[in-house]
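Here the chain labels run A, B, C, D, E and F in written order, and each chain numbers its own residues starting at 1.
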Amino acid sequence: MLEVHGLYCERDERILFKDLSFSIAPGKALQIQGSNGSGKTTLLRILCGLNSDFSGEILWQEKPVKQVRSEFCSDVFYLGHAPAINRTLSPRENLRWFSASQGKTGNIDISTALDELGLAGYDDVPCFMMSAGQQRRVSLARMKLTSARLWVMDEPFTALDKRGVSEVEQLLSDFVNAGGSLILTTHHPLQIACDIDVINLDSRVQESAP
Amino acid sequence: MWQWLYKLGSPKWFYTIGNRVLPWLWGVTGLLLVVGIIWGLGFSPPDYQMGDNYRIIYLHVPAAGLMKGSFYMMALCSAALLIWKIKMADIVAKAVAPIGAMATLLMLVSGSLWGIPTWGTWWIWDARLTSSLLQFFIFVGIIALRSAIESRDSAAKACAVLTLVGLVNIPIIEYSVEWWNTLHQGASDLSLRDSSANPPEIWIPAFFTGFGFIGLFFIGLILRSQNEILLRERRSQWVKDLLLTDNAKADTESGINTNA
Amino acid sequence: MLAHRQQKLAIVLFIIFGSALAIGLVLFALKEGINVFYTPTEISAGEVGQGQSFRVGGMVKMGSLVKEGLEGAEVNFLATDFCNDVLVSYTGPLPDLFREGQGVVADGSLDNAGTFKATQILAKHDENYMSAEVKASLDAAESASIEVCHQ
Amino acid sequence: MNTDMNKASSELGLLSVMGATVRREMLLAFRNPGDVINPLMFFVIAVTLFPLSVGTDENFLSAIAPGVIWVTALLAVMLSMDSLFRADFEDGNLEQLLMSPQPLYFLLLAKIFSHWLVACLPIILLAPVLASMLFMSPEGMLPLVLSLLLGTPVLTLLGGIGMALTVGLSRSGLLLAVLILPLYVPVLVFGTGVVQAAINGTAFSGLLALLAALFALAVSLSPLAISAALKISIN
Amino acid sequence: MNTDMNKASSELGLLSVMGATVRREMLLAFRNPGDVINPLMFFVIAVTLFPLSVGTDENFLSAIAPGVIWVTALLAVMLSMDSLFRADFEDGNLEQLLMSPQPLYFLLLAKIFSHWLVACLPIILLAPVLASMLFMSPEGMLPLVLSLLLGTPVLTLLGGIGMALTVGLSRSGLLLAVLILPLYVPVLVFGTGVVQAAINGTAFSGLLALLAALFALAVSLSPLAISAALKISIN
Amino acid sequence: MLEVHGLYCERDERILFKDLSFSIAPGKALQIQGSNGSGKTTLLRILCGLNSDFSGEILWQEKPVKQVRSEFCSDVFYLGHAPAINRTLSPRENLRWFSASQGKTGNIDISTALDELGLAGYDDVPCFMMSAGQQRRVSLARMKLTSARLWVMDEPFTALDKRGVSEVEQLLSDFVNAGGSLILTTHHPLQIACDIDVINLDSRVQESAP
């Protein structure tokens, strides 16, 4: 589905990765590992087209991503460091806007989605009155609303408590087992029951250092 | 052609070529300026109306030309950066901006000084003068934007976008004297035709100073770009080699043996 | 797939439409005329009202310049665009280049008598630079030609 | 994928996405009334500074009124720009916007239109009141409103470019001003020109047409510049 | 404690701490030239907007010149305030300032003095140039500079209060304006009064004395208000 | 040295702690524990006088802190969540300003302090060019410059790598063993060789909940 060939990226004159190639197929998960500052976030943003300071080739369904940008966007769900949740709006309003910006309408399902992430009853509370963990849950509820086939997630488990982590892990493995593709970074030890590959950026840097 | 452009896009090549061109450029520029200034100030005849005041033309017009040239160059570089991602383009754009701003300032100051005896005022809010002032603000804005953004790549691209947006002001400056009835004069007809109202004795020195200014511009451009290249490529092998050999040369020349 | 093509097409069409509209409007504006600067002809056509401050441009008509008062502190002259004239009166310092036959720009307003009371006089320099001798020979050559009134 | 979702996935047309954007922004303005009130209050306060500083002579004030109203409206619009992308940038919504499958061009237009509704429309509605407080002659009122109606969208669009360029910087207020005020000049010149011409009783349709031309150009071209700038800022 | 440090722990006097503060702020301004250039450029650009909008008639411009210069200087100072506490608040230095054993009162005075040096002094120096571009009569120049010299510190101090109150909010630009512009009015009235009086040839020493009185009051009282406001914002 | 009697604090209508009393003597360390949002940071800020929404008594050398504020300030070193490092200035400039604001001058020692925190050679690099961990080290270098007798530290180990953590732990235990007092919060398992008390805010909340 997504193929990456010979990716190279440097930032502030430091090579983050070079000659990085991998691909991800439906029903597969891929975990990017690496220490702080090793370039995990940068890599995910490059894949999503949010960063263009790189060289190399990224193919989506065998075509260069740049050429099929809008198909690509409608098939990718990105969850970044920031929650993409407006503090002033309520979870329902935030999610309604998310659906609309995806070109989908799913008004009925928003409450269900919030329920399933343990936010029943919080539908109409402004987000700034919620704790960091609850805000994260609102952000994660978008998983239930998207119909994207590739999920790209940067540290999805931050700010969640133990129960939240295992619930989200369950959601992720369901998604992958239903034929979705998942790329994620996390410092947590992952416990998801699906086919998962690992790329370690630290070891790659050591390769290319001398 | 493409080959050549590609090479120009390589900082290392630019640096070395710059070194080779510089001495020639210095020589030619010095010659042009000396001839132009001596001829213009000393030998060309006083104007029938303005007397000797008109000699500011030898400063004012080249400065105005430089202002436009600088901005065109920045716009070209910006396009090159945004479309082809040529790194060198940004180096040049960054190097040109302050030169362009200085040229604009010089044009404004020389024009103002000239305006006092000629028009009877040093400043008037006509279209040519106002749009020139705005051009200065645009130059400063671009410089300010660059200094405000910490990440170099983002700064480069942001400045490129702003430069392209600011390009709309150039035709306004250029045609302001035609579109609006300005106090500033229109374009002078500087052709070699006999019937021209402007005889060659007056404007040929202007050509000398004009080309001299262009020479100065390129000298500034090359020096500033080389500086920037060294800064940006300081981690690369060729710069390290270069600095080592330079040091070695300096050491042997001064006869001191340090192991830096 | 088609939807994405259509989106791109929509953007392109929108831009073309916008630009075309802009060009049309500019052409309309040019036809309407936009004034920042009035000629004596426009003034005599009554395009500006009394007491309103505006700017006049023209030539100082040959032979019309009258200096009054001490050291010519007050001047009266006719500003012309070779079709119509307007009488300008001004008190104050004049720029060096102010003389008959020279372009002039005056700020001020019309009084009851239709005289333009200038508050500031600026000399407009033309785009010709030449030495006195060249000027003399050119003038000789040109003295035969007639100035045409173009409006 | 997500099979339980497919039933709800009815595709939305371009217009309804733009509508959703406008609705969201209106909701935000409703929750943060400061977004509406602050530009308006700034406009009012800044206009009142002028009689206090240049004197209260009626003729005099009426002569400067069009200029003062236009300059302060322009400054108010410029200062209001800060709320255009800032919050979205900080909470990550801007990334989502850039990754939306909908065409960014039209999403940005919708966003800017909403900003204009929230920040500029109240100013335009109040402008005649302030103009008459400055004793502007009544012939100028309608042209004033018309020129503001055509001009403020241009200011908002150009401001959007500046804001998109500086949204990544923590202190962008004055920098934004330095970047975009020079670009505002043509709008200001034509805008006040319209009002002055109307007051002087000369024809102003030409100037209004020029303003409309600027409007058409800005609407069609600046979303391109804004999206380029946003992509750079987000990098 | 830290025995290896005691040797270097020579106590510093109040003056040298204030000196260190000023030096630090100057260094920051040197590293962020925008802090100096942006207010200045805003001032210049905003002043040039007026001839373009109210008309370029010399008499007219010279009549509004004092007011325009003063209003734009005031706006420039107000907009520059954003850099006074923002960075320190965000990186935690403000907490350290509030926990410093040195008296906050004088530290704040030093900080505000530096801000004035960086943001206002260039404006004051350039004011006569711009005034003469607006054809202000030369008798007004010296009084203009004097009034700005006395007035801008007051603006900075009052702006400091507003900034201290709003530093905890992410978007404070327009809110700050709405809060403090009303407080700026007396300074504006006296400031332009001085210049107008000088141009009209009447005595202006009384107005200048009033301005000086405002200055003395502001210098002595506003650090108290600022430190109270900062303590609230940091809570 | 520092005594706290009957401290009570509520925030957003939730009681964070109540009836909290403790004291700390020279040569002692005190760790505040508690889950996210339990009020650790709030407590430290109250102790330092940065937060005044509380009731109860805080005594410094047997006198109410409010009365001896400037003596107290010159004897307390606070290290908060934020590094208090200006991004534009270099470490040396930042530390010089810190010394000055403490009323001390110690120009010669700044380089040594930076050296000891593993920042040799970074003295004059602007801080925005440093990684989060390096910025944290600059902030911690202030420990070497202060002569305060009470250190109050909020999560001093964030962003540090393993070696950094143990170095800082060493510094802290040296300080306490030399007669200093230390109050700190951390989610790390602490390994410092000195006399250490623990207060758990979670258990207190459960006490006061019903």
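Throughout what follows, a residue touches a chain if its C-beta (ideal position, glycine included) is under 8 Å from a C-beta of that chain, and two chains touch if they have at least 3 such contacts.
Model, not experiment: these values are computed from the prediction.
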Partner chains that chain C and chain E have in common: B, D
Remotest chain, chain D as reference, centres from CA atoms: F
A-D against C-D, pair bridged by the larger set of C-beta contacts: A-D
Most distant chain from chain C by Cα centroid: F
Fraction-based call for chain E against chain D, same above half, different below: same
Whole-Å gap between the CA centroids of chain B and chain D: 35
Interchain centroid distance [CA atoms averaged], chain B/chain C, Å: 33
Distance from the mean Cα position of chain E to that of chain D, given in whole angstrom: 28
Per-residue overlap in chain B, given as positions that touch at least 2 other chains: 124, 130, 137, 140-141, 144, 148, 153
Sequence positions of chain F contacting 2 or more other chains: none
Multi-chain contact residues (two or more partners), chain C: 7, 120
Parts of chain E lying in touch with chain D, wherever the complex brings them together: 34, 37-39, 41-42, 45-46, 49-50, 52-55, 60, 63-64, 66-68, 70-71, 74-76, 79-80, 82-83, 86-87, 90, 170-171, 173-175, 177-178, 181-182, 184-185, 188-189, 192, 196
In the complex with chain F, residue positions of chain E that touch it: 1-6, 8-12, 16-17, 20-21, 24, 27-28, 31-32, 87-88, 90-93, 95-103, 107, 231, 234-235
Complex interface listing, chain A residues touching chain D: 48-53, 70-71, 73-74, 76, 78, 80-89, 93, 96-98, 100-109, 126, 144-149, 175, 178-180
Parts of chain E lying in touch with chain C, wherever the complex brings them together: 55-60
Touching residues on chain B, where the partner in the complex is chain D: 82, 130, 134, 137-138, 140-141, 144-145, 148-149, 151, 153-154, 157-158, 161-162, 164-166, 168-169, 172
